[in-house]
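Here's a structure for you.
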């Protein structure tokens, strides 16, 4: 019974996560409801010893109409990762800011606010970060068409059209390659 | 020595210093390149740089004082040059050195920098002010060993005029002040390296830290003036140290020879040491060179 | 009397400009890492007269080393306008030519010479120091023939450049005191 | 007729007259003050001439204790009288617009005129009593001028009056001791008496006199009053305060130690390298003052406080030069006294004008005024070139004489101390001109400021001409200094002949050649650069190299006011900034109050019998003493 399995058992009866599994051998991932995220993270950080905060990322489930926030923390002694996930609504996307637990969460949240449009309540500095003076919708959302934006805003250099269309190759060629 | 020749001699004075100064800076960049095991620029590179800057078609100015800053810098440096005799025979290339003395030269050296600081002030770039502040704070450190050395010189030769000091050093190697008051010479060498901008002391114009300090906002023709005045300033300090400690020079060849030997010591220091912080520089200058100078002074008072 | 007609005086000036180019130490993209090896011992661009300049006021050559996000483009244009007249631009990497790897990214520009006049392009997804030195030699040849007049080109069709820039920046344009001047010493 | 004896009355009477007349018609005060200052200048320059040695005595036929006041004039008094008269004229001119709408308008003119009168009195008095009386009048009237400013803190006035009165009382005791030996107050009798005194009494009275004068010159241990008093006194009075009042300490020191006690006969007392022990200690005090005050001046953010510390430092040079006691040293002190009062008048008048126009007095709130106030910029530029002792102007000549005197008499360590402070002086000079005129305006209001009021232009331009004159012809002042030195019995020090050159012991320099070379090169390069090069573009204020960013109107760009922040990282300088002499005073204060409380319990415990007992005891002891 490695340390991760014991942890899995503890978490299951403490937080009753919807899904709790091992995507990789030293990584435990569990999906909890919005209100339990802070509890889970502080439990992992203070009680279990997952001191190091690895990253916060956001996954765009367009079909379900949900954003999924993924908090990854690392245990320096046991050398294992734990991943806390939660799903928030896509249209009215907002979540409480956890920057008081780790300072660097500020930057991650700011980037997700800019790229996905998730509003973090209580965030000290929600301002444009990489995309200065960006007027369009948050670009990392899957319903944002980059090529259309590029054709509209930028000019191509002449003489590029006839050589080849990289997009076409990506489609069928990629599937044939996979079949082989 | 008709007045016509005297006028030519006076007009040629700064241009000789400019050419030799620029040549030395070119040689310095080449030698430092060779130390880095690379070819390094051609020896005339600095002259080409200055000529390119003179031929720049545009230059921006923030106001009258900004425009006058580099002009006052060149004026101060050339005036100081005129009060230092290049040759010791009293006829050729003696500038106006018979009308001024060592203390006048010491203060004239700083006049150019202060005039420049006013131009930098109107430029309005905070980097410029930082560079000037660093320069003036560093000056507190550099000035003390230098002044102790010239006090020892004045006490030893009982005169403040540079020409008389040269005359008293005549007659062979052993009469040079370098060997008569060696400790004072060593103390003054530290401040010599500092004022030449050798690496541990090139604090005001550090490109990495304060974007070339006072020269930040100056471009085109103003930068040309500043580079040529830096070249003349380098040669000025070399001739001053040769006159004070190495017995002056009878003709131009000896002058170039002696100044080059002194210039090589600057190269050794520049290419070896990394840059000081301002307070480290002042602390260093008030500790070792000042103590050496004070010992020389005590020896002088006892003698 | 700065004569613009290509007399002997201008020829000598161009010779001097060719042999002493001051590069603005300003890495805008992934190519910035190629600059140190070009300047240090193995490739030593200093023997051609290249030297780092701390500020645009002192620089002649602006090296755009790689992709340009719109945010960086605004800074590049301000720097370019702060440089003085005989100024050149050396664009490294295919990202500056046609957008390169980021051809369909919403954030990078596709064609550099829409926004600032470019003298020499060096292709390659980050050209090695030898290619950069070849680019510099090509630039030197251009300077010697007097064709490196990017500043005049920028001044003459400033409206076209500003229109392109407005397309990308929208109404958040740079202040225009950097390029239109009244006289005065 | 009007002579050195009754010139004192003119300003004093006019001051009182102006005060009451002004109640009816306000501008009468300005008119009268101007009239009196012009008249005083006329009298000093022409009537009481350079070498009219006249002695006028008023013996009020009191019993033989008191043989009347004596007034007289010689080269030495004339030299200082000129400084007083002209600074009286310039400061009164400068104060017209500045004090016009202040509520203490009347009392300002009253006390200002009285102070001017008192100073003239000091300079022309030839006996100890009149000297002391005018010294007290000066102290008291300047006290009122310090306290007059509504925002003056109470403590400033208190420390000012306590220190100055203490100094005056030290002088009084010394005078009484001298009187007990000489039997009369007149200077000539005093000189004879002092030469007969024993060494210990001479040492004691020279110590007391030194304290009296050093307080006035704000030398280190006794300088606590100076920074606050200079800063918080009325803006238009500070030039007079720091430019001329501190020179009275110089006058007194040289007068007493030169003529009366004479450096010669106190040399016999514990001699060190041909100067007396006191002279050597005071010289070291001067150097210590200048070093500490210079570093203090650099870190100040208030303009007037920086100038206050800078005047303490500069007067420190004068103290060192004259305390050494050699002929060349005293000559250097006189020369620097003149130059320093010219510079401080120029700087304080201009700063008062700037504060009057902008309403701000801190570097962090000013900046970028060069375009709005070009004449004031030039005035401050001339001032700092003089303050730093730069060659083209007079500041260099006077510093050169002091350096030459120290080298000639082998005081090398004193000279090194002075070099430290004079090199550090460049920093606060640059901070002064950068903080106010260069850099960026800290607030938008600074862009609509007008030039300094018209009345101030006259003193500014004249003082700038004086600075240039002494710079181009350094030897011009030498004959006047030599007559002044002969007045107090010193031998001639300079061996320079013409007005162009200044040469003394070890070397010499030709001011005229220096400025010609500078001027020629400047004109040549300026013409070459303005005509033969492409016209440079006029850049916008914000078009600066800002690491490719775009600074806007309210980005703070006026960094320069923070010059000196790096000083406390330098070990020696940092330590000097942290040590405060005030802690020493606080400790002595506590001890004294401790002893006093003990005394209170023993003696004054409140019941009548003890008091009667003490009364009887004192009576008995008096009779015993009288009997002997």
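Going in written order, the chains are labelled A, B, C and D, and every chain counts its residues from 1.
In this text, contacts are C-beta pairs under 8 Å (C-beta built on N, C-alpha and C of every residue); 3 or more make two chains touch, one makes a residue touch a chain.
Please read all numbers here as calculations on a predicted model, not as lab measurements.
Steps from chain A to chain C, taking the shortest chain of touch contacts, total 1.
Centrality by Cα centroid goes to chain B.
Sorting all chain pairs by how many C-beta pairs they have in contact places B-D at the top.
Separating the CA-averaged centres of chain B and chain D is a span of 36 Å.
Inter-chain centre distance (chain C to chain D, centres taken as mean C-alpha positions): 59 Å. Residue positions 530, 533-534, 536-539, 543, 545 of chain D each touch two or more of the other chains. Shown for chain B are the residues that touch two or more other chains, namely 57-61, 67, 211, 216-217, 220.
Multi-chain contact residues of chain C (touching two or more other chains): 2, 55-57, 181, 184-185.
All chain pairs that count as touching, in label order, are A-C, B-C, B-D, C-D. Residues of chain B that touch chain D in their complex: 57-63, 65, 67-68, 71-72, 74-76, 78-79, 82-83, 96, 99-104, 107-108, 110-111, 114, 117-118, 121-127, 129-130, 132-134, 136-137, 139-140, 143-144, 147-148, 151, 154-155, 158-161, 211, 216-217, 220-222, 225, 278-279, 282-283, 286, 297, 301. The touching residues of chain B, counted against chain C in their complex, run 29, 33, 36-42, 45, 48-49, 51-52, 55-61, 64, 67, 207, 211-212, 215-220, 223. Those residues of chain D that touch chain C in the shared complex are 530, 532-540, 542-543, 545, 548-550. Here chain A touches chain C in the complex through residues 130-133, 135-136, 139, 144, 146-147, 149-150, 153-157, 160, 166, going by the rule given at the top.
Here chain C touches chain A in the complex through residues 69-71, 74, 97-99, 103-107, 109-111, 114, 164, 167-170, 172, going by the rule given at the top.
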